[in-house]
């Protein structure tokens, strides 16, 4: 087997392994839950209305049958795998009987959009600034911007988001602080809708960018300051190669390789930040869905979202793994 | 460089979009014809089947604005005015032994698709739900209804399996009730449980206009034929609110910000501090239940310290009374509600009709109530609590706090038990407890420690009350830890998996003195074995022969009989003597209104309707609002 | 290995291409509050002529690599030129390496190229080889892209490489091929002067021979001058016309290769030569006592004196000047007596 | 070790600033042992008092002194962070060194597991664990869970260092001398790996503290135990941000940002100390 095929096989194996382990873990954790979905739903339903005790017993019996939690633990696990493979997590308990999967599918485009945009921006911007700062070490402007993004980077997304929300929603109310788009706009490829989505996405995306940019900046800067001492860069400088070419083709391009791997490795964490940000800005993505599910004790929803986020992150990592050979000939050509 | 181009493109797009998008708050809908109400995030936004289990979109206006049933009771109302005949032309008519109920329906009511509403819809509603056990009101219909028939298009007769003088309450809205199904829609559907009923036909004045698939908003539009609805018929002039928007406005901070930005007219609930912020910043563009402090609307719900009577030593009334007397209710009021609490010594919420029917007449009895501590007799009731709380909040609120004791009682409640540590000590000693240092020991020699369960974020004020009570008990030598149960709260309460909890097991009509709403379920026949699930609402599993006698008697009198009030007072006296749970206060809700666009919201001075966004009675507020002439022009 | 000493080339009229005068380049460090000065290049003067291969020898950390980097203008802080000058003379145009960086940059590869230490790694791993030729040489050649390509291919064939390598990525080539490519890259513009820093160090012996032959071949074809550094005296013996010996940052002896191998003037040179393996030699090779000096704190007087078998008191106090002696120059108070040792 | 610390303090500004910041915050946190009020008590003081001579950092809407509350909160948060950090260091060291030393198949298997764990999104899994545990979710349990999720990056780093040591002379000597694998790893390799561990420890501490803040802010922890996230949680519960009780939010946020900054500066200066390349470039500068 040549190197490239080996690489692909290895990545694919990893991909399968991540999904297997993640899905099993999610199942295991959830099925140890003390939350009884039936009681949960009964208490939801009886919270406000007048309730005849005899009627509640009937309701409970009916629901137990509907939610289908029968069988041994292992049978449930196998059945669960069957469901995952069919993309079926059963009905949501708090939104009965809407299937969990259709809730997730409704929310997923929002999260994917928000994450793709903010990860791309923070990755590109962080790497660009970091590379420049690593290459032009004495530039004061770059030093200052570096200090700023580095100071921001360890701050939890929630705090950055909260500050943005207060600044642009309360002190100087210019941006929407809640929701994914303007009300009463029908989704579609209209200028108004896309504009509204961008407008509503600004604060959450800015939060993720501000939090995310620092680590790219730091790692890129140190990568670049190491790479500039690499033989091929020094040699190019001695060869009188123009600095633009050296910066882009010799320094940045080589530094991007580990950064792309880093991107794949960090997606899991980035997703975590998105959960918090979506919750804060009431953004209609899967992160908010997850937290709502937890708050409402929605067993199947929490399980579905966690499983799907593991799968989604694994897919994204796998995609990056597939892109990687395009920019690294050593992997592509073995 | 590629990056620069990208950035430039983004900036260009942003610059062209932002001003365009900033014009309308809601695209294409005039703001000054729109009422914006805080709704819950609807996860299954595309679900409009009110009769299948699960909530979702039902609180986003569906049950408030588009569903209808026979009767409504205004939870804030008193006397006859609290009762509204909606689809029914008259009050329920029972036969002598309460085995038959006849309902006359109004004529001239139509579904929003033009189909007339008839008795067949009612019969279909009952029969379909009996046939499908998963549906929302299936169980009570199955238990009660032997047969239902439409004797003519506007008369329905229910034949009951057993005598039931409260059968009509299934169709009487306080928060919600059994809504009537559109037969012509559902009869075409194979499985009414999995039918999403989207878009829903409306039986009330508003109909679905559009909704967000992500569940953040739903918009309801006034029906052109609004006069052909039960609510529309009674109106003298057309409703001014053309559109109602239920929107999920985010976390409490975001709600405050949105109302201050005039993007949210009605808030469901925020923390007292948020309420005070709006009051301070919005000035006269704000309305609330009380125009000044304490602002809050008391729901007919009674937050209490619940005890699990199946767990020792909470089966002992002396212990429960001792714990009650260890509480300094003023700190609880301050801690939970910053003083804005409507305190309750009786086991019914001090709201609506309970004030004239129970609280006012029973003051003398309360003042005279004597408690035997084992060594002496004390009179624990303190009728001056309202003045004391007023004194505590006056430094912050100044002259806006009246000095008239009568007014203070409507704001802060009639009175409560005076903290009496000595009496509590005597009661505990009477129960066989001993004190070692600052630690109470139980009769079996173990230290007396309590786990006090609270739900947490969902009802923050109660979590706060729990914290402060736990601290007070701990300081008196009973180590109390707070247990935050979160969403498992209901389940644990039901399963009896708690020692003590801050929650409520009493909810009332508010607008009607009949206590059967909760009391009927206190029948000892329903008490579950330890470890088994207790059906609502006797979460404390209180068992008393005297109580059973009251319940039995109440079942035999008619809903509107004057005897109902007498039985209610008997129950309240029993509850004081046995202290099965410690009632604290009404569930006070901070629900400020923005008056920039709309005026005429209900208030303590004019409680013509419920005002909680999720309460179906809200519809009477929506049609009564008047545009503010000073509203910004579009 | 047998040492073959390169036969003396016919003495061409001495036409200097490189003149190094009183060059001092120090590592100046200030770390954790301690300033240290390492005199890596300490007052070196030398001249290299047209069509000459000049070898610089010395043990590791003697400063020979710093010297050649300083000559190439390839130094980075903390190594700095303290005084002196490095001047190239390309066709009557004099270029001072440290006076006119712009002109220097323009001259690179056209007139002056460089073969780096570890030159297997000088190619950008993520780009094809052809791009390196383009980046380094295209602008100097004044050719159309296709003519340039043809020229490069011809050049590669000349040095025994398949032009196909241009389409390859560095990782697809063997170490020897990359070394050849590096030399090909350094010679494609036919520069007058080539600086080579340990061009063969990392290679196995067979490849080393091969590469040495290549260097020699290219040099003789182009008539360029080469200055190269290696600690390996056998390599010097194989290709150098003249050799300079560096010890502790100083040039201690310089002279024609053959003469030096025959009659080393400096005890250190003598030691270097003596430690070379010779056929049939069974005597134990002498090892030099002591360690190479610490350049941050060099010994007084002659820096070699702590290790020198001939050291006298004067050596400890007075530093010997580099003075002409025989065919070359030497810096030793006891230069005449070395042979006897 | 001590002389390294002294040198770093004397000559590396970043380290000095980082050290001073971290030490000050640590001292501030330690002060809670002398707090005049129990840290879980509420409504002992007048609520909503702005910073003043009597209450330096003001009081909360729950009638707590922000100064003392914050002191206890930072202590608890740091304790949590340290527990996570130490536990995850132990796992990372064990896996990383073993993998690097053993090499071959064992290395491949360990690193595959490692990379698999890296790709799992932490927050959803932690939230899931919380969802299951609910009120049984004590902070030590949360710390263990976080530690189980927070070691894999650094295991890779440690592995690469061990890998480079594996072929060194002294390793072979030790093996020939009959040392067992754990002996070789602990006696011979650990000293070389320690600087990397130290560097990753700082970053891990930052990560763990950030995690605590995030989960507590959402109320997914024991909210009665004062922590930095818990303070923000309660401030949100009382809508401090819009109610103008800024001191309840601003001071804990500033404190935690300063702590982060301190730890971060320590991390980069230690990294610089370890990494000769960046040290070299500093010499020039």
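We call the chains A, B, C and D, going by the order they appear; numbering starts again at 1 in every chain.
One rule holds for everything that comes next: a residue touches a chain if its C-beta (ideal position, glycine included) is under 8 Å from a C-beta of that chain, and two chains touch if they have at least 3 such contacts.
All figures in this text were calculated on a predicted structure; none of them were measured in a lab.
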Item to check | Top-ranked pair of chains - ranking by C-beta pairs in contact | outcome: A-B
Checklist outcome for this item: Per-chain Cα centroid nearest the overall protein Cα centroid belongs to chain A
Checklist entry - Just how far, in Å, is the C-alpha centre of subunit D from the one of subunit A? => result 23
Checklist entry - So how far apart, in whole Å, are subunit B and subunit C when each is placed at the average of its C-alpha atoms? => result 91
Item to check | subunit B and subunit D, separation of their C-alpha mean positions in angstrom | outcome: 45
Next on the checklist: Could you work out how far the Cα centre of subunit A sits from that of subunit B, in whole Å?
Outcome noted: 38
Checklist outcome for this item: Residues in subunit D with touches to at least two other chains are numbered 134, 241-242, 281, 285
Next on the checklist: Multi-chain contacts only, two chains or more: what residues does subunit C have there?
Outcome noted: 76
Checklist entry - Which subunit B residues reach two or more other chains? => result 251, 253, 257, 457, 486, 488
Checklist entry - Taking the complex as given, what residues does subunit B use to touch subunit D? => result 251-253, 256-257, 270-271, 273-274, 276-277, 331, 334-335, 338, 456-457, 460, 463-464, 467-468, 471, 481-486, 488
Checklist entry - Along subunit A, where are the residues that touch subunit C in the complex? => result 229-232, 234-241, 245, 249-250, 253-254, 257, 327-330, 333
Next on the checklist: With touch defined as at the start, can you tell me which subunit A residues reach subunit B in the complex?
Outcome noted: 34-36, 39-63, 66, 92-98, 103, 106-107, 110, 124, 128, 165-166, 169-170, 173, 177-180, 182-187, 191-192, 194-196, 198-199, 280-282, 284, 288-289, 292, 294-297, 301
Checklist entry - Mind pulling up the subunit D residues that touch subunit B in the complex? => result 41-43, 47, 61-63, 134-135, 219, 222-224, 236-245
Checklist outcome for this item: The subunit D residues in contact with subunit A across the complex are 112, 115-125, 127-132, 134, 153, 206, 210, 213-214, 217-218, 220, 232, 241-242, 249, 253, 256-257, 260-261, 263-264, 268, 271, 277-278, 281, 285
